[in-house]
Amino acid sequence: MIIGLFNHWVVIILMMIGLYIVIAHGNLIKKLVGLTIFQTSVFIFYISIAKVDGGTAPILADGITQYSNPLPHVLILTAIVVGIATTALGLSLVVRIKETYKSIEEEEIQQQDNEEQLTKHKTEDSA
Amino acid sequence: MITHLPILQVITPLMAAPICLLLNRSQLVWMFSLLASGLAFLISILLLQQVMISGVISYELGGWQAPWGIEYRIDKLNAFLLLIISGISTVVLVAAQTSIEKEIPKDKYTYFYVLYLLSLTGMLGIVATGDAFNVFVFLEISSLSAYALIAMGQKRQALWASYQYLIMGTIGATFILIGIGLMYQMTGTLNMADLSQRLPEVAQTRTVFVSFVFVIVGVCLKLAMFPLHLWLPNAYAYAPSIVTAFFAATATKVAVYLLIRFTFSVFGLSFSFTTIPLQTLFMALGLIGIFIASATAIYQKNVKHIFAYSSIAQIGYMIVGFSLSTVTGLTATLLHMFNHALMKGAIFLALAAVIYRVGNVELNHFRGLGRQMPLTMAAIVIGGLSLIGVPLTVGFVSKWYLLTALVEQGWWPIAVLILLGSMLAVVYVWRIVEVAYFKAPLDENIKVKEAPVSFLIPIWTLVIANIYFGIDTRLSVQVAKGAAQSLFGVSP
Amino acid sequence: MINIVLLTLLVVIAIAIIRMKDLFAAVMLAGIYGLLSASFFVVMDAVDVAFTEAAVGAGISTLLMFVVITMTGRKEKSIRHKPLPALFVVIITGGLLIYGTLDMPYFGSEDAPIHNHTSPRYINDSMQEIGIPNIVTSVLASYRAFDTFGEVVVIFTAGIGVLTLLSIARTKKNDEEIESINDSMHQQHLVVRIIAKMLIPFIFLFALYVQFHGDFGPGGGFQAGVIFASAIILYAMLFGLVTARKVINQIFIQLIAALGVLLYGSVGIVSLMNGGNFFDYNVLSSNPITGQHLGILLIEWGVGCTVASVIVVIFFNFAGRRELQQHKKPSQDKESSK
Amino acid sequence: MEIVITISSGFLLLVGSFLCISGGIGLLRFPDFYTRMHAVGVTDTLGAGMILAGLMILSTDFLVFAKLVMILLFTLLIGPTTSHVLAKAAFHNGVIPKGSNNLKQTKEKESTSSII
Amino acid sequence: MLIAATLAILVAMILAIIRGIAGPTLYDRILAVNMFGTKTVLLISLLGFVMGRPEFLDIAIVYALINFISVIGVLRYSDTNQFKHTPKKNKSIEKEL
């Protein structure tokens, strides 16, 4: 059992490391790095379930009978594209956030927002 | 062409998006996207008609048979959702050109419409498809365009809200991807109908259980269900008003649809409600969501925030109806999806008009608006009444069905709690009414004019629909009930 | 055996990324992570995926992150705002997943359901039905063509999204100033410039090879698009953005991106017109196999066009934003000192 | 003939592997950036060349052979270029070779070399 | 012999990763990544022969190109002030590790 499932377990550990970075880190770029790792690990999971022992790459050739499953490969090709699209959009948001907030740390941005809210309410109350 | 309706439904806005980019003249692009969205609406009406007459329509893409190729499968539930989404999108688009004048820089108009159409495509695609992985792909189309649209908001908070939504949304989508992967691993298929055939064989395995949990959690993240709702209020409040109107009316409905589709059609009723205590869990979360979100809404100073929190509360009602897992309960949920789309569409469009005239939607700036913008404010009031669930509005119909469903099951205390929750809605709606009608304007010298006609037409279309479907409930109830019955496998 | 080594290395790198405070190092390690996972894909027989992951995960996304870091700063603040709740969530999720693995078919086992339900048809019949040896391409471009269409639309959406967020109206004056700065700097890159000039034609050639060879080996429109775009990116990095923009106009690239999506979609619409279902290539020609070949060729071109142009657009906008910032900074400093 | 191919390719692969590992050890053990770069830069290109040559001997297909030649050409072009750029950039940005304690001197050098 | 070479490459990769993690300067890391990239090219080529399907060398070519482009990218974009390496900074990084 250990040998049969070892692969999956390691992949799960990888996913969780990615997820941990996304949740625990306050730096916006680091979060995106974590997101990439999380997604890539899910890709690794899909690809490793497609593997057949003794199989080979699913490109037909003479003299080969056993191929790995092509369908997860197709799915992951699509998912990789989705991943890069998300990363690109996230990064462009980070650039704009840096320009307007002068910071890319979650805490500092949150703080600035709160302060702005407070001052606005104060002026309104006094008015 | 009539047999190709399911694919045309999705393809029309999809192909229109790149064409818009080529046109690149703001007026022209607007007309064109309106045309595409209207066409989609027309197709959805035809589809619903066809489904009501002839039952499930299956469309095999590429001519490949179902588990090998991708299948579009339209039943009553899909057709109903397609109608809501494309209808709201068309109505909202009418006001778009005027509204974005004040909120989006001129050189970004074309991008706005392209993204809007793509977002519409994504939602329609999620709803129409019968393939689990295809759901993921179209989910990402709609989410990516949503992130960009939200980030177009004027204030810098829009960027931050969009970023948070991006992180949460991507985690949710990846969870769904994991869930689909596990399902696929146990059954070897991605087609939903095929999955529902093959899953019962392996229903006892722990893997299927985990895949179910992951799909549900992922969908709930997208759904902004109570403990996972943190991204929603800011995203709605800081997005351009047109975008808010569109998303508030449709985006969460799509997520609710996914929830229903996966629990009822893919995993099957008995599996979904027996392996984990889904009923108690969702009932509890739904109720807590209603109370906490409504209570938070009362203390907001920004009207968009008020209604964003109210949206979370309304999702609570849908979840409660869903968790009953009876035909009436599900009918109530479906009706509420339709009704909520109508009322939130009207309210947020009216807020867009207020932003157009006043510049912002802080509660203080509503002073005196009752007299200055009578038609717009009347729309907000009627929408608010509908939120509360006053008779003769649509809100009443769905609340009525929800209460009936609860009483059917003999759950009186929960029915009482739901009524109490509606009382909270009275409070926050009253706050707006009070400020708008009974307080003198901030500055008497500034004359605020009534909203332009291009706003009033869509707003009042929705408001009249609000009242019409509140009085003549035959059509909406018939469709919702039919959809619910078909999900339970009961012949009508 | 080798997969275990690779997985262990992946874990080591992932943990190192958590600990890195230097974002530059973290991103670089993420690049290594991409390369390693691509090697893992090769071991797992997923050559097409490895191809894409290498080009995208290790190449484009790392590059984009570098550009962004130079704009936003290199150091991560040491506050980690909620390590305990995060750990809690992660342990619950991970525990649940590990619980779920207990009933999974073992790694590599032949009798797992996924190898016995849908995939035998792809493996056994795709040669008769589609007529090309690369099964992944057959599934991607014909059996599940609509997913791939969705994929193209996703990347198109991302391109438009980046444009809305980052595009700036360029003025001629700005361009000229940036160009003069670039010129002085480019004296430094003499050796690389010559090497790059030698390489770029080869890269274009290779991209075309990948585009057309996708039916027989790993590759296809997406990979070709990325390679094509990376050649342009290389050019833009060494010869300056303004020069690159003179060669490839931004409006023009947007046009290509839109046309790629339209080309892909219109293949489907033509098959509708010819009486088949959407994306039914059999009706494109009198002979079904020829129809399939034609359909796949056309949609691969659509994918290639869109992907290449969108990636170029994304890079140009990031780099353009950066150059403008870099260019503004000195002048702002001057003003503030006054 | 068969034996000649096996032995010669085996020999090339062995030498190549040895070079790669020694480069790796150099990268790990040498004291500062420039010496490490020296270790890697030299062994990388040669080691890669050896291994690729070994594989070329083994290849039966012309296309495979051609692709190996392409890879070899690329490594020969790219390897030294990267080393060059890397060293220059490092020196430019103030990484000081170990042993040259005189910081001032290096700074001066840097300023004169900045136009190269 | 192919297997032995593969193992040797793997060992070299591990060494490169250690240097990449340890740093200490940015350029050490870039160097490590670059070496890692070339080793991956070799690994893929070798794996093709080990698995008996050497026609997939396209991937190795892509690796070589991408590796080059990303190293150039790093160096091109590291000419801003914040990447100026000062000995003091160096020490603080060393301490952190």
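A, B, C, D and E label the chains in the order they appear, each numbered from 1.
We adopt the following convention: a residue touches a chain if its C-beta (ideal position, glycine included) is under 8 Å from a C-beta of that chain, and two chains touch if they have at least 3 such contacts.
These numbers were taken from a predicted model, which means no experiment stands behind them.
Asks: Among the remaining chains, which ones contact both subunit A and subunit C?
Replies: Correct list: B, E.
Asks: Quick check on the contact network: minimum steps from subunit C to subunit D?
Replies: Minimum number of steps from subunit C to subunit D: 1.
Asks: For the chain pair with the highest number of C-beta contact pairs, give its two chain identifiers.
Replies: A-C
Asks: Rounded to the nearest whole Å, what is the centre-to-centre distance of subunit B and subunit C, using the mean of the C-alpha atoms as each centre?
Replies: Whole-Å distance between the two chain centres: 31.
Asks: Taking each chain's centre as its mean C-alpha position, how far apart are subunit D and subunit E in Å?
Replies: 11
Asks: Between subunit B and subunit E, what is the separation of their C-alpha centroids in Å?
Replies: That gives a centre separation of 47 Å.
Asks: On subunit D, where are the residues touching two or more other chains?
Replies: Each of 70, 74, 78, 81, 85, 92 in subunit D touches at least two other chains.
Asks: Among all residues of subunit B, which ones touch two or more of the remaining chains?
Replies: Residues 133, 137, 140, 144, 147-148, 151, 178, 184-185, 190 of subunit B each touch two or more of the other chains.
Asks: Touching two or more other chains, which residues of subunit E qualify?
Replies: 13-14, 30, 55-56, 58, 61, 65, 67-68, 72, 78-79, 83
Asks: Every pair of chains that touch: which are they?
Replies: Result for touching pairs of chains: A-B, A-C, A-E, B-C, C-D, C-E, D-E.
Asks: Enumerate the contact residues on subunit D facing subunit C in the complex.
Replies: Residues 70, 74, 77-78, 81, 84-85, 88, 92, 114-116.
Asks: Looking at the complex, which residues from subunit B come into contact with subunit A?
Replies: Listed in rising order, the residues of subunit B that touch subunit A are 133, 136-137, 140, 144, 147-148, 151, 156-157, 159-160, 162-163, 166-167, 170-171, 173-174, 177-178, 181, 184-185, 190, 301, 362, 364.
Asks: Could you pull out which subunit C residues touch subunit E in their complex?
Replies: Of all residues in subunit C, those touching subunit E are 2, 5, 9, 12-13, 16, 21-22, 24-25, 28-29, 31-32, 35-36, 38-39, 42-43, 47, 50-51, 54-55, 58-59, 62-63, 66-67, 70, 73-74, 185, 189, 192, 196, 199, 203, 206, 209-210, 213, 217-219, 223, 227, 230, 233-234, 237-238, 322, 326.
Asks: Note which residues of subunit E are touching subunit A in the complex, please.
Replies: Touching subunit A: residues 51-53, 56 of subunit E.
Asks: Which subunit E residues qualify as touching subunit D in the complex?
Replies: Answer in residue numbers: 1-2, 4-5, 8-9, 11-16, 18-19, 25, 27-28, 30-32, 34-35, 38-39, 41-42, 45-46, 49, 54-55, 57-58, 60-61, 64-65, 67-68, 71-72, 75, 78-79, 83-87.
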